[in-house]
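The chains carry the letters A, B, C, D, E and F, assigned in the order they are written, with residues numbered from 1 in each.
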Amino acid sequence: MNKRYINELSEGERVVTNFLVQSKQLLTTKAGKPYMSLILQDKTGSVAGRVWDNAAEFYDTFKNNDVIKVDATVELYNKELQLVIRRLRPSESDEIDLSDFLPCSSHDIEEMFLELCSYIESIENPYLKALLNSFFQEEGFVREFKAASAARNIHHVCVGGLLEHTLSTTRICEYLTTHYESLDADLLITMAILHDIGKVRELEISPSINYTEEGNLLGHIIIGIQMVDEKIENIPEFPSKLRMLVEHMILSHHGQSEWGSPRPPMFLEAEILHRADDLDVKVDIITRALARDRDPESPWTAYQKAIERILYKKPTYETDVSPEESPD
Amino acid sequence: MNKRYINELSEGERVVTNFLVQSKQLLTTKAGKPYMSLILQDKTGSVAGRVWDNAAEFYDTFKNNDVIKVDATVELYNKELQLVIRRLRPSESDEIDLSDFLPCSSHDIEEMFLELCSYIESIENPYLKALLNSFFQEEGFVREFKAASAARNIHHVCVGGLLEHTLSTTRICEYLTTHYESLDADLLITMAILHDIGKVRELEISPSINYTEEGNLLGHIIIGIQMVDEKIENIPEFPSKLRMLVEHMILSHHGQSEWGSPRPPMFLEAEILHRADDLDVKVDIITRALARDRDPESPWTAYQKAIERILYKKPTYETDVSPEESPD
Amino acid sequence: MNKRYINELSEGERVVTNFLVQSKQLLTTKAGKPYMSLILQDKTGSVAGRVWDNAAEFYDTFKNNDVIKVDATVELYNKELQLVIRRLRPSESDEIDLSDFLPCSSHDIEEMFLELCSYIESIENPYLKALLNSFFQEEGFVREFKAASAARNIHHVCVGGLLEHTLSTTRICEYLTTHYESLDADLLITMAILHDIGKVRELEISPSINYTEEGNLLGHIIIGIQMVDEKIENIPEFPSKLRMLVEHMILSHHGQSEWGSPRPPMFLEAEILHRADDLDVKVDIITRALARDRDPESPWTAYQKAIERILYKKPTYETDVSPEESPD
Amino acid sequence: MNKRYINELSEGERVVTNFLVQSKQLLTTKAGKPYMSLILQDKTGSVAGRVWDNAAEFYDTFKNNDVIKVDATVELYNKELQLVIRRLRPSESDEIDLSDFLPCSSHDIEEMFLELCSYIESIENPYLKALLNSFFQEEGFVREFKAASAARNIHHVCVGGLLEHTLSTTRICEYLTTHYESLDADLLITMAILHDIGKVRELEISPSINYTEEGNLLGHIIIGIQMVDEKIENIPEFPSKLRMLVEHMILSHHGQSEWGSPRPPMFLEAEILHRADDLDVKVDIITRALARDRDPESPWTAYQKAIERILYKKPTYETDVSPEESPD
Amino acid sequence: MNKRYINELSEGERVVTNFLVQSKQLLTTKAGKPYMSLILQDKTGSVAGRVWDNAAEFYDTFKNNDVIKVDATVELYNKELQLVIRRLRPSESDEIDLSDFLPCSSHDIEEMFLELCSYIESIENPYLKALLNSFFQEEGFVREFKAASAARNIHHVCVGGLLEHTLSTTRICEYLTTHYESLDADLLITMAILHDIGKVRELEISPSINYTEEGNLLGHIIIGIQMVDEKIENIPEFPSKLRMLVEHMILSHHGQSEWGSPRPPMFLEAEILHRADDLDVKVDIITRALARDRDPESPWTAYQKAIERILYKKPTYETDVSPEESPD
Amino acid sequence: MNKRYINELSEGERVVTNFLVQSKQLLTTKAGKPYMSLILQDKTGSVAGRVWDNAAEFYDTFKNNDVIKVDATVELYNKELQLVIRRLRPSESDEIDLSDFLPCSSHDIEEMFLELCSYIESIENPYLKALLNSFFQEEGFVREFKAASAARNIHHVCVGGLLEHTLSTTRICEYLTTHYESLDADLLITMAILHDIGKVRELEISPSINYTEEGNLLGHIIIGIQMVDEKIENIPEFPSKLRMLVEHMILSHHGQSEWGSPRPPMFLEAEILHRADDLDVKVDIITRALARDRDPESPWTAYQKAIERILYKKPTYETDVSPEESPD
């Protein structure tokens, strides 16, 4: 059976296909009638669904994180699409491929991972290399790392999102080691790779993305330091000062206490890591906001709370832009 | 006669050489005796001077911005060097080369400028290219631009400092057009080159670096927009929307209103320009703070007010760092 | 046909009259039935409307900014009035007078403009007078200026609102030139007249009030400086220092960077202009909030987000207030 | 004997005249020798003094707040004048007139007070008039009020300063009752007169100006409410709601909690009082800063901490400004 | 008839019982049909109600603050319970006991009051004791004090809430007089008892809890000072410095100006009172948030706006916790 | 030989005794003559010293942290005492007892430690007890803990300061487990004891108190978590959720991110620990500020930067305060 993906839906069409249930809720209309509100997801995104008839009966036939098959019409509600579902049933396991239902990086995970490994290869400092290898030569960690999201929402929210963000940050840092003189390239690249490592334990994909208990109580910065400490314990003769630098770069990578780093970056590599990380996060937020936009008539997106501004859908100026396109 | 430069002075030596007078002041000791306090500069930096004897007589023999020849002893005062001057006289014009007395970028100005021109060459959008050429093919502007400092203090404070910072920002932006997809490379590179252009009128080097009146009243962001507007007026058929983008990128390049930008960056190229600019400024602040430090015993610099922290003089970890260097 | 105005509506009545469509939206009730939500306006204000029956058919018969004739009942919803519309059709052009549908200053525009002109007359400084005349003797500008609103919401939101606010600010500044000594009255009054001039391009009334693209990207402060610069270019021998003062007073009139002025007022006239402007804005916000209030039982208005407080509907104490009106 | 005033001193002159001692300190030079540091004042300002010889002997011959006769030379120290005192002795009471030594409003106190009384006369509301009279018909209060300073430093720092600021605020408020419609003029004018009344107990002039203990512990806002409450207790049938308005206007006149008002102004008269008060304070700060400036070469004053900016010594543009005065 | 309390309701049950009407509103469904929305309360809490049929008729049969008898079904709506009411009528006065409908401290009011009196008994300073007695030996005040709530929402929101919070704060302060040396125990305990006394006039229970007019215009801090001042006026020879200390401790008990105290605590007893008060408030907020929570599946409460965080529903670790409860 | 302690010195006396050198600096007077500036300390405090004669020769005879014997006169300089030193020499080791030179808690360290141990004894949860014992039954740790200061300046700055602050916080927490219901007393008391444990590595006394490198780079919160983690690794079957609670309470004990805690306290015990800690710190700051004060004439201390206020030297009101002590 053909899967129809969320990013392909258009207003007015009828779809009969499978989605994963992110959440379901049984509510009552003002007229006293029960209805069901769902958030459905697949690997291309998520969409709201409503069941107006027989909601209570349908409600008990599946759980959160199940995959269901729906027969629905796509409608426009408050500038976004939603599914008005006539019928639904749990999908058979042979109808579906679970990987279809996880939001997933648009880049190839194995290719990204190979590129990341080549950066690890390039490290010459034996202690830092040993530290990287202690993570990236352990199968269980690699599996978790590849699957991890970089955030619950806001940026790089998908399977492979952590890898994608880590690789992008590493590339920028690698470039900057060529741009600025006298940086400790091994240290900067190592920490670009490790700076967000705590996110594999801060977040869980089940398959919706949520904070774990330790994620909420401690945060990925503290967890990352703990993970690194555990590995360093087992690397013979790891220099204690180098250990402090490593821990400090994780600790300070959010830049200032208001953003979660109790210490500001106190040396050049720490400052650069913070700024490369932040740049990559902001670019992703803006790119996603523009991609989410569905209102072609306005040159402006909706207000983006994460960055406290609206965004301009900038027209492109190729060399052949003709002057009469200008106003007045 | 041999010039002895400020960055070569060491405690205890006697020097007989020329310096430019940044400022002079006639004061009275607590014992009621007049003495003179000076700030002297040459191309390698600046140093305080004191004249304890015959101060009043010496005081009237020269003006600010004159070059004088001093006979002095180098002493240590409050962790920094100062000159105790026995005798001084105005220098003869044939004794000196004015270029010896201006703090100057450590990079070759002509080479930097050539590289900047190659970026201009690469622009394909005819309007943006025309805009860049209207500045960089005008001899008077080019002369001012090459001579300008990027700031009064804080960062890139020297002749050529504006060029150095502009080139560095442009290089980073150029790299990012290869790193991130679908950026308007012409727009981003053009604005990297033009973002701080208002500084040629915000600051003056005379030869000490100060804000001009319009620099204080308007700031380089507004002046930069005015300069760009003036040029665009004379470029036929410059698209009015492109003009808004150009103006917005200057306006928003400080990132938020508290830092002087009444508008935040509202599209991706504006955000990236802001972050590339900010990164380059912060790297220069940290690099200068470490270079200024003269206390080899402490692993920490003095408190750096501009970035609100002390900095760690990070030890270098080469591959041959031996573990016994570690504490405990 | 008789127009019934929005500020005359009362709960329960039935109206058959014309309104301008500020916006329309076709939505779906929870029960899956389409309905239409409208914002309707006339010169006395705006009101929400709902069409519950045949919404889809009605939806296609008119566009935003059209005038429509409705047959509706006035109901109370969430402490405000709304129209439940049974029928509607586009109005014939001979049924309506467009001026009935624009929110409009409650003061006579021509009278206000005459008074403003008399302030211009009083200016003696020839450069400032030339600058004012270059605006106010240009017919196209005068038309736009008279029609402009001072804001999109918050304060002086109406045709003539900019003129009303400008005149009020000018009057206060004129008074203060008599109250405080040694002010440059010509400069202060000129800039009171010009301080918000950028709003004619920041906002558009079409006929609903919205930010233009340059309004969002640059803001009225920058646009105002550009407009003034353009005029000054054409005034022979306009003193360059006076130009800086003029530009600075526009730039600084919001008082501090957090409020959109990258420079604080740096001389007395600039400070006074900022405070006169701000006073007039705040008085209008409070006056409007009190006028909007429809809950006679509470001595307090709703929370006013723009000024972050609730307001007290102060009882009036005339000389004949009798003491028994006091509590307890 | 002729009194020479502080604002008449010029560098280099010798003076033999009387000053009041604001403070005295016996210190030791680095060479181990005792010297005395003094702050001297008269009605025109204050000046630093130094005694280099026989300091210990002179030190014991007078106390703070005594008037002494000095024989001194005027010198320039750190851009300000100071007195190097050779000899000094306590002044005889018949040599001096105490009023010569108090910093004093430049306006005539009795004239200002008469004008204030005319505003009181104009009040028609009998309760408010009774409240005003209960203060201003009490001889002791009037004496203190006329003598009070409006602040310890920052603004209106002088005998009569409170009266001067009160009158100026009242005039502006009176103007605004004509400018804006439907204000309760009696209430606004009454509270303009009473808003800072707590300052007569917050500050003491002895003859230097200092906070009292209750001034520090409670502040003039709370003290003002207490003073008003005490009077209202004795006005028969004073309406309790009017009392709340009166108290609220004192409480809220600093505008927001960060500036000492736990409540923001909650009705129009309170908002206007706050802004008229604030305007008058800021104008006085700027005027004083410009008057204090002694550096004719720079167009900028020193940094003014109270308003967080430097100020521009704006050139005056009379109608005859010739264009060649412009730069370039 | 049996009263069924709000904290006993469970989803799905049918209840026929009495509730007090906190507020009622007649609204229109999207389908144009009127319905009524109510907030009902009893001594155990509050709950939302909806009347879908015959809403308009029912609406006119009772007023806010009446007690009504409803026949309703308990449903779950948005994670909280609500009543869908079929029928309702005003309750007969002999059917109800008003005390059933006021939210009430879970501690015995008389017992708490007795304990508070024992603290008053312990005071030795005759002036402070007289001050306390002037309040707590006045029957009318005691009645109001026992009935008062400590806040409108946020913390200790109930009849007896002020007493409960006052007693808790007093106990903590009493403990701290034994923990820290050289505190003035009489002063600290007296002010712990009096610090929030202004709340008896800031809030009214009618029977829902609201700010009074003077509560909004002045706040309980100012009212508290006024109440204390009135009493002190009548205590012969009350030392004026002690009066300042008393007033200061009320004024500063919120700790800093942003939180409503124009003065920070300026001596040790004031600082300790502030912190004991704040601790007790925060503990109550957290305790209530945990008690309100109805979602047993999540270890986290909803976001708590008053303290800007989510809370962890910490598992209990008794000595017999077995290690296998740990994850992985 | 008799040691004369710093807190016993009085102006004018001559002392010949031993002090520890906290720092020494060779400077030049304005007259060009070298002199030495020293900070000397003993267990009762610290004092500045000056050597005016033969400074250079004396300078080379000792190092920082040596004990020297001085012959000096006590003088008053800028409201504080300083030593003018005529002669000095390094002390012989048999002349001195090192414990005389360390600032030391005024409480008996062993007694305090015994009390702390009794709290440890009282813990019933076996995992928490094992955790405490793993620290407090290790001799090396106990030695460091007893010797540690709680801060570099600000509060509890002395040998034993950490123990003193820890014990005080523990006592308060223990009291609060009796005051509030349903707290996990074992958890709260354990964490009161451990909350600042990272300070043994954040600070070093050598013998002056300074931040270590890891103290600056990581801070005591992170170090504390690392120390606890290391111990927990070796406690069999330590429940992983309990470990999270322990780590969270260290992490959150500064209350909010601006104060160094990336997470706010998320359950009741964490909130109470934060507030007990903060209370104890603030009480110590105020107590020290009052003790440091040497100006009996003013009722106010100097401005205390750490708590941003001046403090009132409150008069004591015993029952026998007579009313005539009141002002006026």
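FYI, a residue touches a chain if its C-beta (ideal position, glycine included) is under 8 Å from a C-beta of that chain, and two chains touch if they have at least 3 such contacts.
Treat the numbers as computed from the prediction; the structure is a model and nothing was measured.
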| item | value |
| --- | --- |
| Intersection of the contact lists for chain A and chain F | B, E |
| Relative orientation of copies chain A and chain C, as a Cα rotation angle in degrees, nearest 5 | 120 |
| Rounded Å distance between chain C and chain F, as computed from the means of their C-alpha atoms | 60 |
| Between chain B and chain A, distance of the C-alpha-averaged centres to the nearest whole Å | 40 |
| Residue numbers of chain E (touch at least two other chains) | 30-31, 213, 216-217, 241, 245, 248, 266, 310, 312 |
| Every chain pair in contact, whichever chains are involved | A-B, A-C, A-E, A-F, B-C, B-D, B-F, C-D, C-E, D-E, D-F, E-F |
| In the complex, chain B residues that touch chain A | 124-128, 168, 171-172, 175-176, 179-180, 184, 186-187, 237-242, 245, 248, 264, 266-269, 271-272, 275, 278-279, 282-283, 286-287, 290, 307-319, 321, 323, 325-328 |
| In the complex, chain B residues that touch chain D | 26-28, 30-32, 213, 216-217 |
| Footprint of chain B on chain C - complex, ascending | 213-214, 216-219, 221-222, 225-226, 229, 241, 244-245, 247-248, 251, 257-263, 266 |
| Complex interface listing, chain B residues touching chain F | 29-31, 35, 50, 52, 75-78, 84, 299-300, 310, 312 |
